[in-house]
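What follows is a group of structures, each given as structure tokens.
Next, two complexes with subunit A in common: one pairs it with subunit B, the other with subunit C.
And now, the complex of A and B:
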């Protein structure tokens, strides 16, 4: 019983982390119609930058949350720059854009290996969240519960942003029909930069938040990118609700798969994606932003 | 006998002469690597260049064949069984890939093939009781068809060359056949082809199978060349490398993937002797080629030569030369 309860909490935690990662991926896909193959790299770079701020090698040490926020901002700027300087040159050529993101992901992975070395770096749990929560017979690490909370806060904030703000309305219009959005005077190309930066920042933030659970190591990008892909194919591209539900589903399958069928964990993970592709190619919530 | 035929004959003779001209085994081995990667790139090019379907999971197809061969050999079977089994495994996997991924095209196709490739990689990495996980499977011997040993670098090169030439010939026949024309039609105008009564899905399916067959052949060559297979060979990097070969050389041309394979293998081997940052260079080349020479090196060079040739002969109408149809437009 304890085992199942623990596995469930871990699954929801991982799902929350995946939501932070894949909501940006999904928005970028919905708006620009390209899978951003650097999204795993953004996750990894965020985590690496965060650990650097924590370690004090720069001459100062930041608090965990400050490190996460600053790392996220830096990754957001990197993402926006990449959109502006590289992807903008290839506007309209989606295949070329995808290939460029693939190329950049290799460059980033190699640069990270050069900068931070090949050894995994563990991230200390932030102060005050190192404790445990007792729920009946089970004991959960407090940090995992906190991650769930963070994911929920971000989900609500993103929903409010998309639903209630002018920017959100413009993004929804852009996802729905970019040409029509242009016609009514929305600068869709500027939205591209904003959404790309926002998605990258979310991924970088997720990387740091995931640090105490996953640690940071070379290859983390390649581990996370397929998960984001599966979430988005499951939930439907460009759909916030889809990436939320998809993340939770994938979180459960990933953790239960690892625990019960370790040898076939990956296979089991991709099975629902295949089923969705066969039965409902647009994804569970495809075609709607919210 | 045109210039084209003469060039072709000269190229084949040069390829045959490689082990005699180069005595150092290391370079003969690099030549073998180029040829076996060229087979892989030719297979991928059928789909990417002629079908307009960009696959990022092809290393999974060659990897399945490699693993099947290594597994059967490790289980004590002969080379004939291993090769037949590897081809069968490669083709069955390809059929599965095709059935799932051909529901989509364009960007979704990329995502689905990428995910499928990752499944195969995940199986190779985690299904330890079959694949031996990260440690991989070693292959003790290379086959000796008709009593000719492939154990030496020269012997293996000759065998790879024969396979490579067959693959090139098969691709040439395929591309120039009515089926190849139909495939190019589904790339350019899928809806019109459908309206004309062509079964677009089925055409793409068989193109995928042919592509998978060549990938499986390359996978078998790969496992015999290295006498070892590990999940590394199935990673996304390997698929991306294959795609880089096709795109850098020129997708949708016969020669392009071969040139691309040579470029990638040479840069990889030469550069890795000096710096360890091969992946960075791979990414940088990828980005540069996509941004600045999207049609690839072969068509790009041909275009430049044509422009230069025409302007040298007739200096006046430079606009006519510029308007001449480029050999290969980048396909979405």
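And now, the complex of A and C:
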């Protein structure tokens, strides 16, 4: 019983973390039609920057949440700059853009190695969330439950942004039909920069939020990127609902697959992706932003 | 008046000085006049870089200490970055041998890298002192040009199994380690030695090398006295934290990489009480270790673990063999014999010698992680609680009996009913 409870809560937590990571990935994919292979790097850079604010090597220390937000903003700026300075020059050449993002991800990995060294960095659980929640015989770390809450808050906020704001309407239009969006006067290129920055920021934030669970280490980027890819292919590109549902599904498959069929853990993880690609290539919720 | 010395004068002076030196000492053999070319295969980029950089620091610390002289010969170091994958290891080994014409190689880091270059170093007859712990290369399929001065994967976990059964009085263990050769061989050694002394492994868990969250595996641990983890790289850090976060209370044992001293600065309270076995311990109070650790601190401001210590040891062994061979490495077979005959007492890990299959016989340290005795500004410390001296790769089994069973693997020894 404890086993099932622990795994269930953990699946939802992991799904929440994946949602923070993959919602941006999905929006970028949906709008710009490229899988952004630096997305894992942004997750890692966010975590590294956040830990730097916590460690006090800069002469001051920030509270965990402030560190997460500032790290996310910084990563968002880096993402926007990358879109503006690199990807923009390759507009329309999707293959070249994908290759550039892959190349940048390698460079970022080695820059992080130079900047922060190879030692894994452990991130302390934020004050007040270090305890446990008891539910019958099972014990859950409070922080993991909090991550679920954070994911839900972000899901609602993103939904409101997409559904209720002008920017959201423009993003939806861009995902639906970029040509038409341009024709009706939406500056799709500026939208690219905004969405790329937003996606990068979300990934950076997720990196810091994931820190107390995963810690930060070289290679974290390559660990997380395939998971984001699976989520987005499963849920459908450009779909917020798709990445939410996809994240939860992947969270469950990932956790239960490893616990029940450890030999087939990767097989079980990628099998739904293959099935979706064969039977419903647009993904479960592809083509609709919400 | 200007005090500048012209380049011509300087050269003339230098030439005169050299001539004077040459007159005073008998001219050395020609072979010794050429510098000794040492190749280092390590990993400086990618996820394994942290261990690889420590390896290089260990080598450099030794060379600096000896003023870049091994066995009386001036030494040039050629470092190659394999990127931590077999293909890279093969390419870089070729580069070192064919372009840089190295006389010997130290490294590589990982077992799959060593397997990738094993045949090549035999063909090229390059004496290689590896860190990698692919057991069979000094057991059932020995490579005559490989000398392992580090340890086999199972060399430390076999005493750990003995310690767990006889001193900690554990009866039932769940093992958990990465699903690759190093993990399989470590846990196999633990299981065999633990069973020999009456213990029983209840379950074996094999997470993939890349597992961001171990909780699904931790959830499967139960009905045991202790958990034995064989993680490497940064994985132990994450495993221990997630283990504590899941509210688990069974005591944890670890292999050599699972509690490596270089992780001490990153571990938190979750590592308290961790019992580990390793061929090197920062805690060892000896002149050899003192010299090594202060060199590492002085040169790199780095608190070393076994990656650096074992590479430093490799250089020491190479140095001793070169001395014994009079600096002559023309005959590679003879030089391998000289390497095998090396016996040292003052290495960072204590005394070491070699068996006839080119594998090290040395001390294995059992440590417990706590706060007591912490030095170098660390908050945690691996304190030695028992030492096993002269541990061979065969543990206490006779060599024949040991080699008669298959190499430790995912399924060997098999799980039995407890």
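We adopt the following convention: the second predicted complex is superposed on the first by the 289 of 290 C-alpha atoms of A that agree within 3 Å, B and C clash if a C-alpha of one lies under 4 Å from a C-alpha of the other, contacts with A are read in each partner's own complex, and residues count from 1 in each chain.
By definition in this document, a residue touches a chain if its C-beta (ideal position, glycine included) is under 8 Å from a C-beta of that chain, and two chains touch if they have at least 3 such contacts.
As the structure is a prediction and not an experimental result, all values here were calculated from the model.
By the touch criterion stated above, A:109 is placed in contact with subunit B and with subunit C alike.
Look at A:7: by the touch rule set out above, it reaches subunit C but stays clear of subunit B. In the superposition on chain A, A:96 contacts subunit B only, with no contact to subunit C.
Once the two complexes are overlaid on the shared chain, A:222 sits against subunit B and subunit C alike. Contacts of A:266 after superposition on the shared chain: both subunit B and subunit C are touched.
Put simply, subunit A uses residues 109-110, 113, 222, 262, 265-266 to touch subunit B in one complex and subunit C in the other.
Residue ranges of subunit C in contact with subunit A, taken from their complex: 45-47, 49-53, 205-208, 210-213, 215-217, 219-220, 222, 233-234, 237-238, 241-242, 245-247, 262-263, 265-268. Taken in their complex, subunit A has these residues touching subunit B: 33-35, 86, 89-90, 93-96, 98-100, 102-111, 113-114, 222, 226, 229-230, 233, 262-267, 269-270, 273-274, 277-278, 281. By the touch criterion stated above, subunit A contacts subunit C in their complex at residues 3, 6-7, 10, 14, 109-110, 113, 117-122, 124, 132, 139, 141, 143-144, 213-215, 217-220, 222-224, 227, 254-259, 262, 265-266. Residue ranges of subunit B in contact with subunit A, taken from their complex: 54, 56, 100, 103-104, 106-108, 110-112, 114-116, 118-119, 121-123, 125-129, 235-237, 240, 243, 247, 277-280, 282-287, 290-291, 294, 330-332.
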